[in-house]
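I am attaching a structure below and will ask some questions about it afterwards.
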Amino acid sequence: MAITTLREAIEAHVHDGETVALEGFTHLIPFAAGHEIIRQGRRGLRLVRMTPDLVYDQMIGAGCADRLTFSWGGNPGVGSAHRVRDAIENAWPGPLAINEHSHAGMAAAYVAGASRLPFGMLRGYLGTDLPLVNASIRSVTCPYTGEQLATVPALNPDVTILHAQKADRAGNVLLAGILGAQKEAGLAAKRLLVTVEEIVEDLGTPMNGIVLPHWVVTAVACVPGGAWPSYARGYYSRDNAFYIAWDEISRDRTAFTAWIDRYVRGTADFPAFIAALRADGARP
Amino acid sequence: MAITTLREAIEAHVHDGETVALEGFTHLIPFAAGHEIIRQGRRGLRLVRMTPDLVYDQMIGAGCADRLTFSWGGNPGVGSAHRVRDAIENAWPGPLAINEHSHAGMAAAYVAGASRLPFGMLRGYLGTDLPLVNASIRSVTCPYTGEQLATVPALNPDVTILHAQKADRAGNVLLAGILGAQKEAGLAAKRLLVTVEEIVEDLGTPMNGIVLPHWVVTAVACVPGGAWPSYARGYYSRDNAFYIAWDEISRDRTAFTAWIDRYVRGTADFPAFIAALRADGARP
Amino acid sequence: MSGGARPGWSPDEMMTVTAARMLWDRCVCFVGIGLPSAAANLARLLHAPDIVLIYESGTIGTRPDVLPLSIGDGELAETASAVVPLPEIFAYWLQGGRVDVGFLGAAQVDRYGNLNSTVIGPYAKPKTRLPGAGGAPEIAIHAKQVFVVLKQSPRSFVAELGFRSSGGFLEGHGARARSGAPGAGPQAIITDYGVMKPAEGSEEFELVARYEHVTVAEAVAATGWPLRVAASVAILAPPQTEELEVLRDLHRRTREANSRPVKLPV
Amino acid sequence: MSGGARPGWSPDEMMTVTAARMLWDRCVCFVGIGLPSAAANLARLLHAPDIVLIYESGTIGTRPDVLPLSIGDGELAETASAVVPLPEIFAYWLQGGRVDVGFLGAAQVDRYGNLNSTVIGPYAKPKTRLPGAGGAPEIAIHAKQVFVVLKQSPRSFVAELGFRSSGGFLEGHGARARSGAPGAGPQAIITDYGVMKPAEGSEEFELVARYEHVTVAEAVAATGWPLRVAASVAILAPPQTEELEVLRDLHRRTREANSRPVKLPV
């Protein structure tokens, strides 16, 4: 475990062509890390994420990825993830292969990955066409009842990136609130990067609190606000207004690219990104 | 969910011949419930528990069970569970069929039970003789890699009984500390009985705290001290001295039966049990 | 024209109220974002104060004061009786058979209550790529029953789905039961024209109730397959004043919360 | 006669010190109750302050001040960096390949490091029924390496196990690797006579080190199979003053804690 800058963490641990999962189910989405991947111009990533959300809309629109494993790809409560759609429908800015699951299937795949089992199992996908378009959805026969159960191959990303509330100086990470499949995605990965709101002397972990111990964490970077426009419980709320505003920004290729160029590629780091938004009066 | 007395809960929900799991891994072992089952003279129970511990030593020695599913059956840190041994070695007080697993196998079986899957899967039992003596340990072939993985049939007890720190008046139950496979055993069961240290107005559940919501709980009984001689974090410590003393009490059939007759069968309920121990100076 | 366009209330309000009325106190409801979430919370604020709401983000028994925009808004966690990891929600709670009612929306439904929320046009060369199935396939399998909420038109109520994202009665006539799905499947489709229920035997959805201001002929015309009509079609009571007031108040609070600017965090 | 009976220290102390020395700082150690727990905590108090101790009860990174009597004493939870459900410990942490060293005891071991903790005599008609395997079968499979700690005698170091509770090198000669077990298997058996390690190729355990006061002949005599002896047998340093002081202090604190009467809770 190393405490480092986000730039150094991405430089050292995220490489072109790798399988990369930025997880966080609505809560604690590692936006700052996604931006840094765009800034550093990664290409050919095989992105994995249950809900691609705005963070992958941005990364896919910016040309970082050529494959997406997912289970629901929209702007939650608003509508389409326009850049994801444009990539799938029109191969813009490049072709995007998709590996599509249900939430339950993808959760089982992460659990299998964290458990170092080769596959996950569920009573799922019954009556759906997903197995027709995703050959990795298969089945096993129960050795007791003869029932056929659906299987998904384990997900074991090269790198998982999470955002969390706190780390201590040893690199132990504490999460609280809505957890998604973050812990499983983190433990399933070969390398685990975590951005945090703050680094503290003492985590003050409550009994049975959700901790990723330092020895499963590859690097921690302190990036306050790094989950914006999603949220970090105890620090700031979800910026629902930005999610709504993103619908306009992302609908058009030119407007999207201008936004990415100005605010992401045109800034040195996440604090500069926030400062640029503020300077333009783009956000309060 | 009903808040009731322990006597009524056992009368109504635990029947001769049923599959019954009293769970709690060292912590929060439902001793008071075990005693009440002895008092009410249940017979032919198919007991399930990862670590039979003193509670099943007492129930098996008292003749409640004819089958035991388990993965480690001793007096933790002390030695043998003498009554379990005597039942297996000498069929005293009656024959006891055993269904033996490893901890990992049994945990997977409870997880499968809670998930209403017919079986659990693990990379386990490799190189052990357990599958030779337990025909329910089988295997499936991974549809991706061809690897053979061990399987265990799901555990779905008729009744699971747990002890927890608190319930509120609606019957929501809060657990904190070492959790064992309690939650899984509870959710795997057809009926779930919980004894608690106290019933409170407000559980004060911390974020991500371990809660069994009232609508999965069949009945709650308030039995302060009901985990003694195991412990309830925040209420009392494990009575290690009693665990050590039990070695003597349980070693001999006559001494054991005298103890059960005096303190369990000879008392009306758990407070009376504690009062009798105290009256005899048997415990401080 | 929408079946619900009448001065006193919107089609969405009417559908929300109708859906809310179908929920009962203490039922365990697996809630999706949008109209299902509005309906479930409306029921909670009216006749079902102890309804148990589960959102797939891992919040169990949540009681939000405003409607979440996303499935994982902070409000859901703060007011929940338990917040658990997402894999647990799907394994122990949904697949575990703990959910009484699953609420699903979609882009398209067919006569057997199968749903498409994945794609219009060929999967490999989509005309319109939709967000995808999310939690729906397993909600459709495991919830003891499913309610579908969807505005009616020949483009959404189709003879042939482009893609089956989640299963209803599959090909009907017992096909679902034979598939091994534990839940009873879709038991009602709530539209802006009325309510459809599966016919016994064929499991084909038929019109069983309509709103007062809608004719059976209009409902049939708004359906992309030859819609069967029950022998007796009930009339749904219009939204009552209290229902509309509580719903509008909920939406007003939600709009206020969503429009409240969140200060940039640094 | 035990190999370790010498005035300055007990055989248990000697084995504990030897086992502790084999652990390194920051290693992740899956700890069982008894001597392994004493050894792991002794290492933590001496040369491995940042060793990560995992107990199967779900406590990760625990730093108990006194040795737990049970695998789930409260002390373990209070001093842990995380307390997780037991199924998670076995699935994500042990099977997940996170454990460097697993410590196992047993009633019997054979020349390939296979262990019996289940039964003496026939399984169906036991002479002595032992507690059983517990966590050992999967610790033996998944830990990157396993250390076995066991007092040596012809009754415990046997030519044929009555029951194989957990696998070492199985029948030797690569059988373990062929079984698909991910971990490297038992890499040392620490006894009250010395230390055995698996020979290359055959994977049969041979004596590689002995305590100063023990002869090779005594170690061979205390083994129920014809024990092979390495070409060069090292001499283990006796317990040092600091090691014994820290260990005895730990045991003293533990005895005090265990003998402190717990008041009946009501």
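Every chain is named by a letter (A, B, C and D) in the order it is written, and numbering of its residues begins at 1.
Operating definition for what follows: a residue touches a chain if its C-beta (ideal position, glycine included) is under 8 Å from a C-beta of that chain, and two chains touch if they have at least 3 such contacts.
Computed from a prediction, not measured in an experiment: that's the story for all the values here.
Between subunit C and subunit D, the least number of touching-chain steps is 2. C-beta contact counts were set side by side for B-C and B-D; B-D has more. The mean-CA centres of subunit A and subunit D are about 41 angstrom from one another, to the nearest whole unit. Centroid to centroid, with C-alpha atoms defining each point, subunit B and subunit D lie 28 Å apart. In subunit B, the residues that touch at least two other chains are 111, 116-117, 122-123, 147, 177, 179, 184, 207-210, 233. Counting partner chains per residue, subunit D shows two or more touched chains at residues 77, 83-84, 91, 95, 182. This structure has the following touching chain pairs: A-B, A-C, A-D, B-C, B-D. Here subunit C touches subunit B in the complex through residues 26, 28, 52, 60-61, 77, 81-84, 91-92, 95-98, 182, going by the rule given at the top. On subunit B, the positions that touch subunit D within their shared complex are 25-27, 50-51, 70-74, 76-78, 80-81, 84-85, 88-89, 100, 102-105, 107-108, 110-111, 122-130, 133, 147-148, 177-181, 183-184, 224-225, 228-229, 231-233, 235-244, 271, 274, 277-278, 283-284. The residues of subunit B lying in touch with subunit A in their complex are 116-119, 121-123, 136, 138-145, 147, 149, 151, 153, 176-177, 179, 206-210, 233. Remark: subunit D residues 33-34, 56-59, 68-74, 76-77, 83-87, 90-91, 94-95, 114, 118, 123-124, 126-138, 140-142, 163-168, 170, 176, 179-182, 257-266 touch subunit B in the complex.
For subunit A in complex with subunit D, the residues that touch the partner chain are 111, 114-117, 172, 184, 187, 205, 207-211, 213, 215-216.
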